[in-house]
Amino acid sequence: MAPNKARRIAVLASGGDAPGMNACLRAVVRAGCDAGMEILGVRRGFSGLIAGEMSALGRRDVGNIIQRGGIVLGTSRCEELHTPEGRSKAARSLREAGVDALVVMGGDGSFRGAWALVQETGACCLGIPATIDNDVYGTDFSLGFDTAVNTALESIDRIRDTADSLERPFFVEVMGRSSGAIALEVGLAGGAQDVVVPETPTNVEELCAGLQEGFRRGRRSGIIVVAEGDEAGGAFILAREVGRCINTEYRVVVLGHVQRGGAPTARDRVLGAKLGAAAVDALVAGEENVMVGEVGGRVTLTPLREVSERVKQTDEALLHLVHRLTH
Amino acid sequence: MAPNKARRIAVLASGGDAPGMNACLRAVVRAGCDAGMEILGVRRGFSGLIAGEMSALGRRDVGNIIQRGGIVLGTSRCEELHTPEGRSKAARSLREAGVDALVVMGGDGSFRGAWALVQETGACCLGIPATIDNDVYGTDFSLGFDTAVNTALESIDRIRDTADSLERPFFVEVMGRSSGAIALEVGLAGGAQDVVVPETPTNVEELCAGLQEGFRRGRRSGIIVVAEGDEAGGAFILAREVGRCINTEYRVVVLGHVQRGGAPTARDRVLGAKLGAAAVDALVAGEENVMVGEVGGRVTLTPLREVSERVKQTDEALLHLVHRLTH
Amino acid sequence: MAPNKARRIAVLASGGDAPGMNACLRAVVRAGCDAGMEILGVRRGFSGLIAGEMSALGRRDVGNIIQRGGIVLGTSRCEELHTPEGRSKAARSLREAGVDALVVMGGDGSFRGAWALVQETGACCLGIPATIDNDVYGTDFSLGFDTAVNTALESIDRIRDTADSLERPFFVEVMGRSSGAIALEVGLAGGAQDVVVPETPTNVEELCAGLQEGFRRGRRSGIIVVAEGDEAGGAFILAREVGRCINTEYRVVVLGHVQRGGAPTARDRVLGAKLGAAAVDALVAGEENVMVGEVGGRVTLTPLREVSERVKQTDEALLHLVHRLTH
Amino acid sequence: MAPNKARRIAVLASGGDAPGMNACLRAVVRAGCDAGMEILGVRRGFSGLIAGEMSALGRRDVGNIIQRGGIVLGTSRCEELHTPEGRSKAARSLREAGVDALVVMGGDGSFRGAWALVQETGACCLGIPATIDNDVYGTDFSLGFDTAVNTALESIDRIRDTADSLERPFFVEVMGRSSGAIALEVGLAGGAQDVVVPETPTNVEELCAGLQEGFRRGRRSGIIVVAEGDEAGGAFILAREVGRCINTEYRVVVLGHVQRGGAPTARDRVLGAKLGAAAVDALVAGEENVMVGEVGGRVTLTPLREVSERVKQTDEALLHLVHRLTH
């Protein structure tokens, strides 16, 4: 047994909520209890940590939550985490509560904050990637991505009924401020005519040419999936440009927050269970300041420093595949 | 047998598509075949009728469509229908195809057009109420309403996960340009804190007071459902006013066209089957220029004239019930 | 105000759970609080009542349950309710807790028990119809029916994919021990080839003839919906007979308890809200020993005696419509 | 360009249908057209191949199928494939149609048949793993598995509502004749109390002890997931034994064919697109008699011989994780 093994851990969610966080919390608590740890649940993310809002969690406290979206602890985007004063307060809360290690479920912003907290205060942090955007370095998938993709896809299946009936192109904006990950999966799975993502320059002329080519082949409807962070400016702006360029009526749908919630898919629950248990295992093994992830089907540990510095690559081959398979 | 019994009928969808239209089309075609009629399917609504786009439909042609959203015939909002020239062309198409009666699946705008067509050209029309807005006089429910409500409700269930996790009010805009019918059902079923509809004046101060009352009781999240046609100006405008007034962060989601599509609910399919068969029965009985509907669980016939002149009342008692049951 | 107005009421669920019970409980509690009543929630139905398992419920205790299936109070099929001794114990529990009226969410068996309780002990009971079987006299729909039908329909939509791919008839058994209500709605909405219900004699020869007629027209797959209580013996027995008779391979699926659970549909939540509030209104108005229901879209009160003695008629016209619209 | 590059290919589905097959067919056809190939679609699997039921497929023929369950070509379990005569007839069909390569979507039984066909007749086959059982060697996931798991999980979420309300254990049988893959994922994701699979001996006493331990902690309900092929004999037999042993009431649900159908998940559609395009790429590169798969997130090729001889290992670590995280 490692000498610095954690005995009391705290767990929080940070940033946007993601389906699967509850399944992961359940795993952290139950695997932690099994390992003889005490577990504190922190309310409302780093904001709650700074305010000292924590309470003990036992096995039964996390019963009947595995199927729920959101996160029962609450979460927040905490501005203070990104200031030295805030981090100092967070560290004091951890010390006062006698916490040996803090488990953070969150995205890359949260991990940058956690890494600064580690460096400045000597706190021990352990990360679990949880964000629907799937833009965290060090894991193939983050919690919530699979659910968000399936939710967006259901919406697109519905929209296609109307697009086919009205014979019009629909521009559908999905989440992803800096990443086209959701857009690409949804576009490929939804049989979209095109997908527009921030990672590649958007060529409106080519997009228009593709639509017109479809028109010529007799296809009057079609779905164009737009990542919200695309540099061309989101679905409304893009649609207006295209509509003007090829003189067609169109519709715009912005899926928005619907993509965040809902019962997690099997995959997000299984991933949550695996990563939660792996986080506890890592702490038992004396690991510090790493993020647990899954790469190529295996659990991995990546230093938080590396996670906070490096950028996950989007699989642009998917975009090529969309084009290859469209009409 | 009535002397003026229809022998050849045409069927079309008009206006926005609505889930259940396909189930209804199937019923019209199959019950019509059973009654010895010939059935012509018209493509793209009145636009297609004017252009003469019709083809014969047999029993097998409507197999495996009962579960599909949209309408396989296509539909359109036809501006020409609202001009005497357009209606004259439509009547000519019907005459040239030897059509004895035209079955129109649509909403109140389409029925006003159909009634004008009847008056001006002597065409025989039979209406079937099909619009997610449920704002057609002469029926408790129109095709598509139940599906749209359930789709919007699923979205609200998802959004609540995030609202609870972030502890913020969410303003959710649902469809309904002149009717709060969807908003009221969704708001009541979704446990909304408040519902804002075009039928009643929106009192922003009261809305704010209700939210603050909730805050005092410890409830920081909450869903406010906004009908798109509310005179206060839709969810974005309302949310900004409320947010300023009570100084809170908030989120806005506009559900949009997602509400139109998707596999119809059982109720919309059963209603489609009943109304489609009843339309054929009415024609066999020699009825003309009526709309079939369901009132109090029974099939009814209402003159198209009355349908086109009168306004369906929204059940405002639902709004009172929302307020009575909220937190 | 009526002199015998209830001041303290108890509420319980009895028999099988039904989606919408939670929405109804929420309405009883909140409308009751509004009316100045004290509300006791009884655990595990009449079994819990006899054992005295009750506790006070306030407005906040029923927050965030409107969307959940099952019933948070628990329920039971209580054998003791059907004995004089059991009813005497139940009445004593009510007296000891100072309960003025007992609200029972349940089906016809529960209402027969409640009516016996009323007659023998002078207890005041108020019924709310809640059973997926929709076989309660005095209401068009009971809570849970709409959800169960939609759940079964989703399953049938899935099964049809396989039936079409394998080109085989599938016999699908749905719930309904003495009533074909679910089977008829699901069969009509699912485009079933035939529906077999306990209310009408099942003619295996006609069923086989219908299937063979379909084969001749080139349709090799098809769904036959079987109510579990059909006198021909359920899907397995019927399928074996048919398979032997027309020498075809087939598959059998028994949907079972899946139909009971899940988030309630909009309709079941709205009905739960209406009936729960109406139950409180009835008590405030001094009503006793009635069941609230909805007939033709309006809330009605029916004496419990009548509910316990009369039998709801199944809408057999639906069966005729299934046959009229099949292939 | 490889000299033996295929110019005309045929594609079929074999064995049980699996969601994602249509997405895969679409990809084979469209990527094949792009590569200048002619594509023949074979109806009803190897039975249809033997009977010569093939027709040309173009890009438009596979439009609007990506979201559908089942397989539009039809499929069959063909006994003749497992006889030399049958294989000889299949080879003749391929020769007569001038087919250079046959693409087979199916499971391990189909690949054993295909490998025998290759060896005996010199036909060129290319496999794509498609079976909800996920028991094919050479790929992490086969088409349909993710959808089947999510469908079963939805059912379990529903059943838990009732299990909690009635406070009874439920035994839920999921598909998997020789593999516990579905059972393990569903059990872990569904928060099951235990999972029973064919890969490990089932110890009824331990299962009972686990349930009783739960009872002692106050948990009266619970889901036990049973793979249909478990050597203890399926859910009914196991439940009876357990019920007798610990003297408790219980319920049994057999999910059955519902698990096969339905719109594929995003993951199954994306996998279908990738594997379908990869199959064409492999043929363009001159590959023969291999199966395309995905291992660790990358497309791989495995010789059909190896696929037909080796057994995929189930991830039994999941079973350990279920036990670690249960109550």
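Per-chain residue numbering starts at 1, and chain names A, B, C and D are given in the order in which the chains are listed.
As a working rule, contacts are C-beta pairs under 8 Å (C-beta built on N, C-alpha and C of every residue); 3 or more make two chains touch, one makes a residue touch a chain.
Given the structure is predicted, the values throughout are model-derived calculations rather than measurements.
Enquirer: Give the touching-connected groups of chains that are left after subunit B is excluded, with no other chain moved.
Expert: one piece
Enquirer: Find the chain most remote from subunit D, comparing centres computed as mean CA coordinates.
Expert: Taking each chain's C-alpha mean as its centre, the farthest from subunit D is B.
Enquirer: Count the residue numbers both subunit C and subunit D use at their shared interface, divide by all numbers used there, and answer same if that is over half, different if under half.
Expert: Mostly the same residues form this interface, as more than half of the numbers used are common to both chains.
Enquirer: Using mean CA coordinates as chain centres, what's the subunit C-subunit D distance in Å?
Expert: Comparing mean C-alpha positions, subunit D is 36 Å from subunit C.
Enquirer: Give, as an integer number of Å, the spacing between the C-alpha centres of subunit C and subunit B.
Expert: 28
Enquirer: Rounded to the nearest whole Å, what is the centre-to-centre distance of subunit A and subunit C, using the mean of the C-alpha atoms as each centre?
Expert: Centres of subunit A and subunit C (C-alpha means) sit 40 Å apart.
Enquirer: If you look at subunit A, which of its residues touch at least two other chains?
Expert: If we look for residues of subunit A contacting two or more partner chains, we find 157, 160, 164.
Enquirer: If you go through all the chains, which pairs of them touch?
Expert: A-B, A-D, B-C, C-D
Enquirer: Give the list of subunit C residues in touch with subunit B in this complex.
Expert: It comes out as residues 23, 26-27, 30-31, 34, 59-60, 63-64, 66-67, 140, 146, 149-150, 153, 157, 160, 164, 185-186, 188-191, 217-219, 263, 265-267, 269-270, 273-274, 277, 295-298, 318, 321, 324-327.
Enquirer: For a test of understanding, state which residues of subunit D touch subunit C in their complex under the given definition.
Expert: Per the touch definition, subunit D meets subunit C at residues 13, 16-17, 19, 44, 68-71, 74-76, 151, 154-155, 157-162, 164-167, 170, 251-258, 260-262.
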